[in-house]
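Note that subunit A is present in both complexes that follow, paired respectively with subunit B and with subunit C.
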Partner chain A sequence: MDLPGIVQLIHDSALSEWLRSSLKAMPIVEAIHVMTAATVFGTILVVDLRLLGWPSTQRSFSRLHGELMRWTWGAFVISVITGVLLFVVNSVTYYGNTAFRLKMLALLFAGVNMFVFERVTGRDAAAWDKGPTPSSARVAGALSLTIWVSVLFIARWIGFTKGYDFSIPDNVNLDLNFGQ
Partner chain B sequence: MFLDLAKALGGSSLSIWVQSHLWVTPLLQSVHIVMIGVVFVAILMITLRVLGKVGADETFATVWNRFSPWMWGGIGVMALTGLVLGIGEPVREASALSFWLKMSLIAIGIVSALAFGRTLRPLAYVGDAQFSGGAKFVAAGTVVLWLFIIFLGRAIAYDVEVWGSLHLG
Partner chain C sequence: MSTKSKVASLVVSAALVATVPAWAHHSFSIFDAEQTKTFTGVVTRVNPDANHLQIFFAPMNAERKNVERNAEGKPVVWAVEMAGSAQSAKDGISVNAFPPGTIFSVSLHPLRNGDPAGARAGALYKCPEKTPPAAGKNCDTVTGSLTIGGDVPVPAATTN
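What follows is the complex of A and B.
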């Protein structure tokens, strides 16, 4: 079966139908997704700013990294689970949505950046644990920050490119293609 | 009364401008969500320090001084973006019970953060200060409070589904 066929199968599943028909499930799933995404972004922001040396480099990087990453990963796992549920609800629409695809691509970039940092750039972290970070680590931090802010922006854009959830005033002519 | 005010606001030139410029609402909502991450994690870090789960090698004052400017700055940006978003959709906001509950909890969150900082900060200059059970309970409660605020923010779009007949519209 090809990918569009699988996406249609997901859309037609009992779980998808139940989520669509449930009044309470979607707001709860969406809210948990926002909470965990905020936690992932916020904890990564703290680590990225330490890599960038802003506001300082006095805090032990290894300690900070160790303390925060468990929260990042814990929140990320819940965010993925709730994200999958959101996809299941409306899989055909999401699959064809450019903003959704860009978000997945940005998440892939974030993962590659983190992998490279953990395996290459950050291997000598003990040498700069309580001091200024090397330029390679600063680049990794700046990249991470840029990618994660992009993920949040693109994620919010998905909701506006698959239809509006508020009433449009009579005297306003909305351009549904964003001027294209 | 609030609904009448909201209807009048919805017809204002600023409201029409927000509604008719399609990039404004998604852009402001995106900034709003980035700030949720900043504020929530700043509060989480301060709370985890009170609970002794992070930064135990630093004084509470150090952790408070590091994260509280992010918390207040983030709250300020959220207030500004939230205000413009509210002007763009005033009737939707005013008729949502979730919106009013969210505003009430934000007020409680801000007052408790002010009281929290004022009460605990002087104590924390004494090395690795141990916090009382009550302080830990209040700190953990603050995180739960902000989780409710995030939930209510998302629930505005689903007010009828979440609250049923309690929806104010």
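What follows is the complex of A and C.
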């Protein structure tokens, strides 16, 4: 089955139908998504600023990183679960929405940037734990900040670009000829 | 920042704000409540948005034998918009209740900007499957049709 077929299957699922029909489910899911996204961004922001040397480089990077990342990952997991539910409820529309696709791309970039930092740039963090960060780490911090700010902006864009999509799905037959 | 660049950034900001499509989650003042159009059409798609559910449909011609087409021969598509998906589901309006191909009648207050969409006015009348109304009539006149989402009737005057 191709991707649009899978998206349609999700759209037609019992879970999707239940979420759409409940007056309470989506506001609760959305509220949790916003809270956890704020936690993800807030904790990443503090780590990124430390990488950039703001407000100082005196605080142990490894300690800051260790303390905050558990909150980042915990919130991220809940954010992904609630985000999936937000997608499930109207998957066909989100799948066709450019802002939604850009957000997924931005999240992928954020993941790659984090992976490279953890595996390459951050491996010698002990050497600059309480001192000036090397330029590679500053670049990683600036990149991360830029990407995550983009994620938040694009995410809000989704809500304002769902407008009217007048396109006719391929599987809809309008050659009716009733009574002929 | 110089005065010149301040002005420039203001202009850019204003342009950015102006280009954001403003009707994904909007007030209903974008619709002209003074005007009411009535359609009988064929469902092409339902967008069960949490804020405003939309039913897209191809209006039928006056003979009710086929859908209307534009100069290029492509079907004309309109949209009727209403309350959010959950509230609409409580009224019996959902993706499952209006699959593609469903023939129904609806009155709507059209958009002020002339785009082919409007806010639902009154009930939806669903024709029995593959049973369009007689020429010039709407689904409320078809035996076995369903009245969904309230008891305000489709106005007797047929504008389409």
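Brief remarks follow.
We adopt the following convention: the second predicted complex is superposed on the first by the 162 of 180 C-alpha atoms of A that agree within 3 Å, B and C clash if a C-alpha of one lies under 4 Å from a C-alpha of the other, contacts with A are read in each partner's own complex, and residues count from 1 in each chain.
The criterion applied here is as follows: contacts are C-beta pairs under 8 Å (C-beta built on N, C-alpha and C of every residue); 3 or more make two chains touch, one makes a residue touch a chain.
This structure is a prediction, so every number in the text was calculated from the model and none was measured.
When the two complexes are overlaid on their common chain A, residue A:Glu17 makes contact with subunit C while staying clear of subunit B.
By the document's definition of touching, both partners, subunit B and subunit C, reach A:Phe160. By the document's definition of touching, of the two partners only subunit B reaches A:Ala37; subunit C does not.
Within the superposed three-chain model, A:Thr93 lies in touch with subunit C and out of touch with subunit B [touch as defined at top]. Where the contact sets of subunit A with subunit B and with subunit C meet, they give residues 23, 26, 30, 157, 159-160, 165-166, 168-169, 171-175, 178-179. Across the complex, subunit B meets subunit A through its residues 10, 16, 19-20, 22-23, 25-26, 29-30, 33-34, 36-38, 40-42, 44-45, 48, 53-55, 57-58, 66, 89, 92, 147, 150-151, 153-155, 157-158, 161-162. Touching subunit A in their complex are the following residues of subunit C: 20-25, 42, 44-45, 47-50, 54, 56, 58, 64-67, 75, 77, 79, 85-87, 89-90, 94-96, 100-101, 115-117, 130, 132. Those residues of subunit A that touch subunit C in the shared complex are 11-12, 17, 20-23, 25-26, 30, 89-90, 92-93, 157, 159-166, 168-169, 171-180. Every residue of subunit A that touches subunit B in the complex is listed here, in rising order: 23-24, 26-28, 30-31, 34-35, 37-43, 45-46, 55, 59-60, 63, 67-68, 71, 149, 152-153, 155-157, 159-160, 165-169, 171-175, 178-179.
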